[in-house]
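The data blocks that follow each hold one structure.
Two complexes follow with chain A in common, the first pairing it with chain B and the second with chain C.
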Partner chain A sequence: MAAGALTTFGPAVPGDAARARALRLLLIAPVVVLIVVFLVLPYLNIVVMSIRVPSTRAPYAPGFTPDNYLRALTDSLYLGALARSLAIGAATAFFCLVLGYPVAYHLARTNARFKGLLFAAVLSPLLVGVVIRSYGWIIILANNGIINQTLRGLGWIDSPVRLMYNEFGVMLALVHVFLPFMILPLTGAIQSIDPNLEAAARSLGAPRWRVFTRIVLPLSMPGIQSGTILVFVLAVSAYVTPMLLGGGNVQTMATLVVQQLVDAFLWPVGAALALILSLAGACSVAIYARLTARTMRRLGP
Partner chain B sequence: MTRLSISGLAKRFDKVAVLKGFDLEIANGELISLLGPSGCGKTTTLRCIAGFEQPSSGRIEFDGADVVRLPAEKRDIGMVFQNYALFPHMTVAENLAFGLEMRKVAKPEIERRTAEVLKLVQLSDLGGRYPRQLSGGQQQRVALARALVIEPKLLLLDEPLANLDAKLREEMRFFIRSLQRRVGITTVYVTHDQAEAMVISDRIVVMFGGEIAQIGSAGDVYDRPASRQVASFIGLSNFIDGTVDGMDGEYCNVDTRLGRMRCRAGGAPAKGTAASILARPEVIVLSSTEPQDVNRARATVAERYFLGNMIDYRLDCGDGVVMQTQQPPHKVFEVGASVWFAIPAGQTWLLAR
Partner chain C sequence: MKALVEVIRDPLRFGFGAVVIAVYVFLLLPIAIVVLASLNAGEYLTFPPQGISLRWYGSFFSSQPFMDAFKLSLQVAATSMVCAAALGTSAALYYVRFARGGKEALRFMVLAPLLLPEILTAIALLFFYYQIGLGTRTLVGLQIGHVLITLPFVFLSVCSALYNINPSLEEAARSLGAGSWTVFRRITLPLIKPGVITGAMFAFIISFDLFSISLLLKGIGTTTLPIQLFDYLRWDYDPTAAAVSTVSIVMTLCVVLITDRLVGLRAVRF
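Up next, the complex of A and B:
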């Protein structure tokens, strides 16, 4: 009797645990299948493609070669683009963090009635497709765009200020669209920090900026980490924005990959470049995770 | 050490008056508790003193100096929160060191004082642990230590024992009290537990709806409550309604539905005043024969509950009057039995109705 009653509190019967596990596996199966079919298999295909011999008449010529990689890693055009991609990714993540943090803090701490509205505003960049959004930026930033016309109308400038077809325009547009990916995880992380911790720190003599650097910032590290990684990865691999707002002046690895695939029709070269970009991005993330690991460990399991 | 004086303290949130302008003087080294039901403004009062909340009006003075304009970090206050609010990413020692670092105390001095206070709260071995690796009681003591290590002017505690189990809560009451005596720090202690307030405080401030209903010692608020509301909030009470018939020294004669009764009174109410007699359940004496007491009446035992150290009876006194009484368990009255009860006049208290 007693033993029978106890089993209702947990999976004490072996069959129960097994069934619970089977159910869990069943529930994650769709995602696993999606990932295998649409990510792992294509990736394997790309890996194979990247060591094939390029050809201009067919997708590839017979045989295998390491040349695609050797060329990419010795040519300063490709290395420069790789460095630019990583730099744009890191800078975009940094500016999203700096600009997004105050918004996230406010969202996490406010109980104002227009909180929902603010959330909607934060998410709004995602509501417009990337091409339309980029053209929107072009209307604003172009030499005869809104900003330059206004400045000229005011008589502040004679010749237009170059606001796009350079890194500045690309980054501005990237920061704008990826801000939500920074703000949402940050808001979640800050929300889970007990406001009494800030009060406690103040009562112990910490001025506001100290409360921020010693309490809020380290405790929001999980949000900072996921936000920056997310934005970095998205910005590094962004194609349309650098293409349209860079106008060929901002060569990133992503634009080069498409150039190789579509314009030059050199699939193996494009595949090698794509893999190098992926690997470089993954390594950067790994190094970053290492650097932040110490703070994260203190936060406990 | 510090004398705290509050005058005309009022606080409104969106036009809702949460504190309605009260005065309070707390002597140097005194421990007072704010006792009152949920939502009466205890935490708000504490937060105003700590500087987390800006009062709508009124003055808060430490040793005669107004601190209302002073930000929280400049007030030099040690505060213990209900959920302890320990910094989860810092060890116990680092939690304690935080306030000292903010005061730019030198490293060796920090170590010395941290160790000293950890010893005071009997946690010397746990300096290297993270808060999540401590039990509730240990976390509580770390919170206390963190507030004390900065040697603040004032110690504020907001329901510090509310999250502990009953046994530990009882232990910690005495621990906090003796610690406070030893350190000699002026302390404001918030609780809604009357037993806790009685054990721990020099004086109890009873609050209702943002106002102070009574300030006094445990004896004052229990035996001589200022109002029916205070009486019913603190301890169990029977109220016998009646009309004042006249004074007899410091006693008062009251006509009630249980007959004429003699009752202790604080003032001298006029003849004809509507009043209630307060009789605590444990002062009532039950007997099977008629007692000699002036205040006596007959009743029938309606209900009986065994409490361990006491037996709780509900008496039906007729006329719709029900009294609650608690008696030592050596003599037992059966449910349905006809009994006498007496209320010694010296242990009653007259309240306005």
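Up next, the complex of A and C:
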């Protein structure tokens, strides 16, 4: 098969081998050029930008300095935002896991005729832009939103309950935005568990919760791990939702970075902050992957 | 009825079912609310709604900034779709059929825009464009950013299509004397068409909704629909925003339905 694949677009005449190879490289060359020029170089450039001297008149002044990092790592505003970003990321991943697991289990095991429709329901939020989904939550949670109007209509409250412009609103919307990213890998992991294992344990007299904690949960650990990492990474760098539902009251690292770039026009500071956020996120993921790998070995089949 | 009694008698199962239904409601609720709000006749978002009206759609279609942003988003998304489809398909073809050394590195490279945080990529491009003198005065930079982000979707979907076709079909064509281009046009392309179309559909939708890249790379005075909506929502929650949202939800739905008619969405596999 490999040899067959090789000859598929191969030379019609043996002497054409070099020309055929050149033609094949033409298939991949545009993409490689695009990625190297517009992804690899720009990312390397961020590192350089983060040690440049900030300036209010131009994007940066001549010379290099470590000050951007020093300032970011000693200022309690930035450190607080970093801690908040990581905490929001971890909490979002946790709540997505708790809410997503039952749905993923149901989706993986159901034989319902409308299974396709259920899949569509899980996927559909992904096809609606994040601004629109956050707006949906604004309508529900705002001071004169649906919940507050209903409560006032019922005469239960006089002044509106504050449901957004705080961490609660941001968290709720983030969990909603990223839930599909948890459900999909979990469903895949649970689907690959042989249902006969559960049936066997049940027939040997294990109660349902025990079947879950001893069989389903350990065997779905790979899905749990990839789902939580994915949601954590996405939530840590989320910008739109904290901005719209936090309304400036919830400063995360991502909102601070954009503020430095767009409003304050301090590009080197923004670059340093963005890199610190990415590094902190990557370290957290690495530690977490270590810990879960150990748990997986311990629980392993 | 018997099943219902059974379910109620088993509290664990009952609780499980209730949680599953609640999560589905949670997933769909905000989207349904946006659609309902756009049809509300009242000045403000009231609940229950004060009658049904299309006035907010009128206000959307007569708003110059929203219409300009809508047109720009369609244009950018269509361009991204075409570019990503061409580049992603050729990259997938090379990756599946010819790549030998460094196959994993190549895959990682093409998927990198998907794995890196979008906001970081946006920042990287903003700095880079400024330094190479491209700037953000034209839409070229914004468009390149959109192609970068949408490329992996076409690549993944075409790769899985390529893995699922039988290479002996191509071999047979070759042995009967067809040249490389003929084999591609007459055999490979028709067979991977569902993968290409599905990937292109995703590219269109993702590009249409892309936020961070557009936020940082938009030129002065030009803006895409998600950004325009975002700016509007920072000051005003009136149902015009709901009408704008509903139009883009319906448009996405149309793209999905057209794709389903063309190739059948069961072909979606990443």
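Basically, the second predicted complex is superposed on the first by the 253 of 301 C-alpha atoms of A that agree within 3 Å, B and C clash if a C-alpha of one lies under 4 Å from a C-alpha of the other, contacts with A are read in each partner's own complex, and residues count from 1 in each chain.
Please note the rule applied: contacts are C-beta pairs under 8 Å (C-beta built on N, C-alpha and C of every residue); 3 or more make two chains touch, one makes a residue touch a chain.
Only a predicted model underlies this, so the values are computations on that prediction, with no experimental measurement involved.
**Q** On the A-aligned overlay, A:46 touches which partner chain: chain B = first, chain C = second, or both, or neither?
**A** Touch status of A:46: second partner only.
**Q** Touch test for A:254: chain B only (first), chain C only (second), both, or neither?
**A** Second partner only, chain C.
**Q** By the touch definition at the top of the document, which applies to A:200: first (chain B), second (chain C), both, or neither?
**A** first
**Q** Regarding the shared-chain residue A:83, is it in contact with chain B (first), chain C (second), both, or neither?
**A** Touch status of A:83: no partner.
**Q** Looking at A:209, would you say it contacts chain B, chain C, both, or neither? Reply first, second, both or neither.
**A** A:209 sits against chain C, while chain B stays out of touch.
**Q** Using the superposition described at the top, determine whether chain B or chain C touches more residues of chain A.
**A** Of the two chains, more chain A residues are contacted by C.
**Q** Once chain A of both complexes is superposed, is A:298 in touch with chain B (first), chain C (second), both, or neither?
**A** In the superposed model, A:298 contacts chain B only, not chain C.
**Q** Let me check the overlay on chain A: which residues of chain A are in contact with chain B and also with chain C?
**A** Chain A residues touching both partners: none found.
**Q** Quick one: which bits of chain A touch chain C in the complex? Just the residue numbers, please.
**A** 1, 4-10, 12, 20, 23-24, 27-28, 30-32, 34-35, 38-39, 41-43, 45-46, 49, 59, 99-100, 102-103, 106, 118, 121-122, 124-125, 127-140, 142, 144-146, 149-150, 173, 176, 179-180, 208-209, 233-234, 236-237, 239-240, 243-244, 254, 257-258, 261-262, 267, 270-271, 274, 278, 281
**Q** State the interface residues of chain B toward chain A in the complex, per the touch definition above.
**A** 47, 50-52, 71-79, 81, 83, 85-90, 98-99, 102-103, 130, 132, 146-147, 150
**Q** What does chain A use to touch chain B in their complex?
**A** Going by the criterion above, the answer is residues 194, 196-197, 199-207, 210, 214-215, 218-219, 295, 298-300.
**Q** Could you please specify the touching residues of chain C with respect to chain A in the complex?
**A** 12, 16, 19-20, 23-24, 26-31, 33-34, 37, 44-47, 87-88, 90-91, 93-95, 97-99, 106, 109-110, 112-113, 116-121, 123-128, 130-131, 144-145, 147-148, 151, 167-168, 170-171, 174, 179-180, 183-184, 205, 208-209, 211-212, 215-216, 226, 229-230, 233-234, 237, 241-242, 245, 248-249, 252, 256
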